[in-house]
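As written, the chains take the letters A, B, C and D, and residue 1 is the first residue of each chain.
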Amino acid sequence: MNASEYLPNDEVAIIGGGPAGMQTALALSERGFSVRIYEQKEQLGGHLKGWHHLFPHGVAASDLLGQLKEQVLARAVPLHLGQSVDRLQKVGAGWALWQGERPLGRAGVVVLANGFALFDARRKEEYGYGLYPSVLTAADLEAVFRKEQPWPFGSDRMAPQVGFVHCVGSRDLKCGSPHCSKLCCVTAVKQAMAVKSLFPEAQVYCFYMDLRMHGLEYEELYRKAQVDYGVRFIRGRLSEAAPGQGKRLHVKAEDTLQGRPLHLQLDMLVLMSGMVPAFLLEQQERAVFLKEPVFGSGFVPVQGLLAAGSVVQQEGLFASGACKGPATLPEVFADASAVAREVEQYLKSLKAVGHA
Amino acid sequence: MTPLLWKDYQKEVPDNHYFFVRSCIRQTFFPGAEAALLDILRNSLGLDVFEDRRHTTCTGIAYHCDLVPLETIMTVIARQLSLMTEAGYRHLLVSCVTSFGIYLEMLDMWQHHPEMLEQTREALWKSTRRSFELPVALVHTSDLVYHLRKPIADRSPHRLVDKSTQRALRVVDHVGCHYAKIFPAGGFGGAEFPSVLSGLAETFGGEMVDYPERRHCCGFGFRHYLLQENRGYSLSNSRIKFESMEAFAPDLILTNCPGCNMFLDRWQYTLAEMSGKTYDREGKGIPVLSHEELAALMLGRDPWTLGLQMHQVQLEPLLDKIGIAYQARQKYSMLAGAASLPGEPSVLKVSFQ
Amino acid sequence: MLGFMFALVVLLLRYLWWLRSLWRRPSSRLLSRMFSKHSLLAVREIFAEGLLHLRIYKRNRRLGFMHMSLALGWFMMIVGGKFETWFHSGQFLHGTWYAVFFRYFEPQTAGGWAGRFWLHYMDLGLLLVLTGLTLAIMKRIRKRILGIHSSTRHTLVNRVALTFLWMIFPLRLVAEALTFGQHGGGGFLTGSLGRCCFSSGMLAGLELPLWWAYSLSLGAFFVVLPFSRYLHIPTEMALIFLRHWGLRAAEDLQPEKALQAFEIHACSACGLCLDVCPAIKDHPFQSAYFLRALRSGKGWESLASTCLSCGACEEACPINLGLEKLRTAARGKIHEKHHAVYSYLPTVAPVETSRVDVLLFTGCMGRMKPATTKALKDLFEEAGLTWVHLDEQESICCGRPLALAGRASEAGALREFNRNLIQGQQARMLVTTCPICLKQFRDDYGLELPVYHHSEMLWYCLRAGRLKREKGTACFSYHDPCELGRKSACYQAPRELLQSCGTLLPLEREQADALCCGNSLGALSLSLSERQALTSRTLKVLEVPGAACVVTACPLCQHNLARQSRLPVRDLAEVLAVTGLPEQHGQRTAALAAVQEL
Amino acid sequence: MPKPDFGFAFAPNRALDLSAPLLPEVQVVLEAEPSIRACMACGQCAAVCTAGAFTPLAFYRLVLELRGGDVAAVGERARHCMLCGKCQMTCPRGVNIRNAVLLMAALAPPKP
């Protein structure tokens, strides 16, 4: 079948030009629908732009992004860059998209692919992010790997002491993120190994609650980090970071396996900031669900267990990728085609109604 | 998160006219300190500071050890205030951090429980036929010294700098818990931003060190110290502080609380005896000064008149660094001759000329 | 000539040094045996092994022949040479050189048929050596020709010695041939060669240089001998004597002292140990290399603690070197700072029990194999035996693992505990499911009651008719545990048991040649990946077509093989128990299916 | 001069200092048996340990405490091990526990 058989308002608007957005756009346009992408930034890529290399095989993030972009351009998907949709309005069977008071366009179907935001590590003040220059987030460290940001310690330090804190803003009811971000563990291991291979003399510690190495080859990566790279894993979270000697940080933690407090001086402290909804909760609740916000993790909820992406109680509104909760890239890509299939079915049903 | 505003951590300090109350511990262990303070305030800065020899202990230590009931201490505090009122002063200047905390506590209770204030007035009247007004300003001597740091610094011949190398001396401060933690708003910077001492040291050109256990208790803890069985706990707390500051090789520990001043000084000896360890490089210990002792030294007062020979950790190395002249022979001149020089510790290095 | 003298002196000095301790306190036993039939036995063994190399011959004819021809041939020439010179010169005593270069001094000898006999005899010797030499060279070029997979990699000094050795005999051949060519005469080999090739007068000038070359290579060989593996030639003989005189190797490592020294230097690096070693390809921990490391005193530690102590090399060694003992001694040396503290062991109160048939001891590893224990108890029931399970609650280690780590001296407390446990009971026998315990109980416990492995015990029941089995359809491949097979010489019992209820498939390597499961307690620092490689190699041997399941008789082997095996891995007892179900054929096969399912 | 008896003592600080460099003897152990690093403290070694039923011996804890620096205590506990190898049999990470224990036991001062 081709797109012309559908109702006039069968255009699909995809909000978000990250991996989820691009892949969903590809899947739909391959199915013969006219799709357009609204991306608030000036170019496509989302968080993938900021990554250096990807677990578990260390593929360069730029390569993957390059491939995706090429395909999107090849299919001539219309792009609305620099346009951030902050309000959706139900109009008949379809939707009107707004940026403030400015109408951005209309569409029969809207697919939310706005992904996730990284937890603002400043909310865990005790870890001193934003206070001490030697405290970074995982994303900052990727920027360092990409040479867009300098190392927080002097080039004279050949044997830096480096600490990674897992579950920062994940599994933390007080921060309103009760979920496990599920990528941080393996990311920490990946980054710890990267640091070790850049500074073989470095002492690298990972402070974890549980190591959740759910994916294929993640556990192997963990063992490699222990045996081949000598990364030390300490079960227990940091209590606080304070200024130490010179530029160093003085951090305290509990080694829960030994039941003893411990402290050490670090040249760099990396916080594994978890994944939180891209919209601020209030915005999302008001703009998308048209209701008053409740405090909680607030990822986009979908219909039942079987539905891949049709959003709860919202005709013609779908969600794809990490905006529904933490997801790895492979999961995002798989999800995209599943969502595309649902969108297609929805439009078919509209057509049937239209004929009847 | 409500933004931090610096002014929330500031304190109004009147410029003049104070009624001064002493500290039991300070005048016992560091007798020169309060004399020096009064001398500075009155003679160097020409302030009006009045002292009534009839004032007594605030009984704070006994109160914190549950030996003195609340009603009693309230009445004692009321009596001090009545002396202030009688002398016609409304600004109370307190030398002791424990007392300072006690005054704050009582005023706070009276504010929230007027009936208690009434009971106290009644109790005081019945027992002494005295009455009192509440102070307009409650100021700790460190507050005042901090407030006057500029004029003092201007008059000072010395600076907190190593004379030979021109290196700024490293200062670690310890602000008394009862100054900073019970009623943080009652002092400068509270516990979050302790500035009352660091500000002073920096004015004198010293370099502040923000060491990890900066806010940890010195270990006094009243009953923990007073009962020998618990004394080890007090000592352990001090040890945590010393171990934390050791790495930064400080030249000086600066305190504003007489109790802390004593423990951070004396426990260095005790720890040295017990563990054979000192927390400086030379094995002489880290010198400890209180805010008024520091001010007096900077203003060029004579160390021995100031009573620095009463310190366990000797001050000579610091004096030499700063380049303060002193008569080594005069150090124990008020003692009955060389016969009764103090005994030598077995670990901590001391020198008697 | 000088070379020979030099060698002699060095040898004597080294031997005296090794035996220094014995001079200090010569044991009467040694002396008494020295002048007795033992010396004659020694001579016989030297002849059988030193010259004929019978043991190597038994294992590998071609290789045996190679060694034999080299040794025997040379020996013939030395003895023959002596007699020949005696015969011709009429006097017995000469300088050694006279015999060696006899033909150079006396190209022409009369002496009728006897003289000719000696000529031919000497040529025969030479021929023998030369054949050996050819084989040796072939062995260097293509191992397979001599039916071996790996031959020892040699160090420089050994290569040098080897070259000289190889040069000696061709040179002698040519030299002699030339001499005869010039002066006529000579035996069937040298003489004829001389006549057809070297008769022309032009070559006369070559005679002297050739004899010199011969003499030089001979001398050179002797010079390097005491520092090369060829030291084994005299040392082996000395070792055999010392053994027969009742000298035993020490428990602790002393590579420069007494019998150990002789053992270490008696190794000819013949390479038989490499071939039987379960290690894939040649691994530095193999005995030939381990002994070399001991000789050089460098790098033996890692070799000692990676070896599995499976005992295959000791089994194969043609001169019966005590390789296992050497290894444990070496481990003991590495870990001499380790001191065990077992004061926490509870004291065993002697219990008054009614007399039972069997004391069952399942051991530490046995605790991880409840299926085996249960099956065995069922079989006891079936055989109508009464038993007490000694370590049902807690097993205290038998002490063998400590011994394998070279710390036997520390195991006293453990032995004491278990001995009390056992002796507190009244029973006819002690039965253990763990070959490791079996070996320890038998060798070091000195118990009054007999100790059996459960396979032996079950076999007795079978023969006594207490257990009845019908030959089923299932085919088994059986893995010989090192501790049960090579260490305790128990091969037959398990086989008979399996034959009784199914078919036992023949394997490429079994019994004394069986491979180790890869998880032996001997190996202390062998890495997981290396262990797993060994295991899969062993499994290749075991997973023969038609095998329903792999059967073994050691909890450690079973556990380790089962981790990697495609086939189910069972203990003998389990197999026997399920095959013992009621006789309806259907159920029997069902049960056997269960074995494979399990 | 004899030290005065104060009648009280300070409590030793229980905190571990991770910044402190590893003791050379600890380094030796870790290099001699690299598989120790693979331990993930699952506790199976301790669960199957016979000696552990009678003493505080638990291999995974020895690994944790080895780097702590109290090598004497680690060695003392390692000496309770019978080397039976049950733990090594069950260790999911293939640590050569018996060798590690032998090396650790050598850290304790020699027995009188």
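Some points to look at:
The definition used in the following text is that a contact is a pair of C-beta atoms (placed from the backbone, for glycine too) under 8 Å apart; a residue touches a chain by one contact, two chains touch by 3 or more.
Everything numeric in this text was worked out from a predicted model, so none of it was measured.
The minimal number of chain-to-chain contact steps leading from subunit B to subunit C is 2. For the pairs A-D and C-D, the larger set of C-beta contacts lies at C-D. Relative to the centroid of all protein Cα atoms, the closest per-chain Cα centroid is that of D. Look at where the CA atoms of subunit C average out and do the same for subunit D: the two points lie 38 Å apart. The centroid of the Cα atoms in subunit B and the matching centroid in subunit D are 47 Å apart. Measuring from the averaged C-alpha position of subunit A to that of subunit C gives a distance of 64 Å. Residue positions of subunit C with contacts to 2 or more other chains are absent.
Of all residues in subunit D, those touching 2 or more other chains are 35, 93, listed in ascending order. Contacts between chains, counted with the stated touch criterion, involve the pairs A-B, A-D, B-D, C-D.
Residues 14-19, 34-35, 37-38, 40-41, 60-61, 64-65, 67-68, 93 of subunit D are the ones that touch subunit A when the two sit in their complex. Contacts from subunit B toward subunit A in the complex involve residues 1, 210, 212, 247-248.
Listed in rising order, the residues of subunit A touching subunit B in the complex are 123, 125, 242-245, 250, 252, 263. Subunit C contributes residues 305, 335, 337-342, 344-346, 364-365, 367-368, 394-397, 399, 401-402, 405, 407, 414, 519, 521, 524-528, 531, 556, 559-560 to its touches with subunit D in the complex.
Interface residues of subunit D, counted against subunit C in their complex, comprise 32-33, 35, 48, 50-51, 53-55, 76, 79-86, 89-90, 93-94, 96, 98-99, 102-103, 105-106, 108, 110-111.
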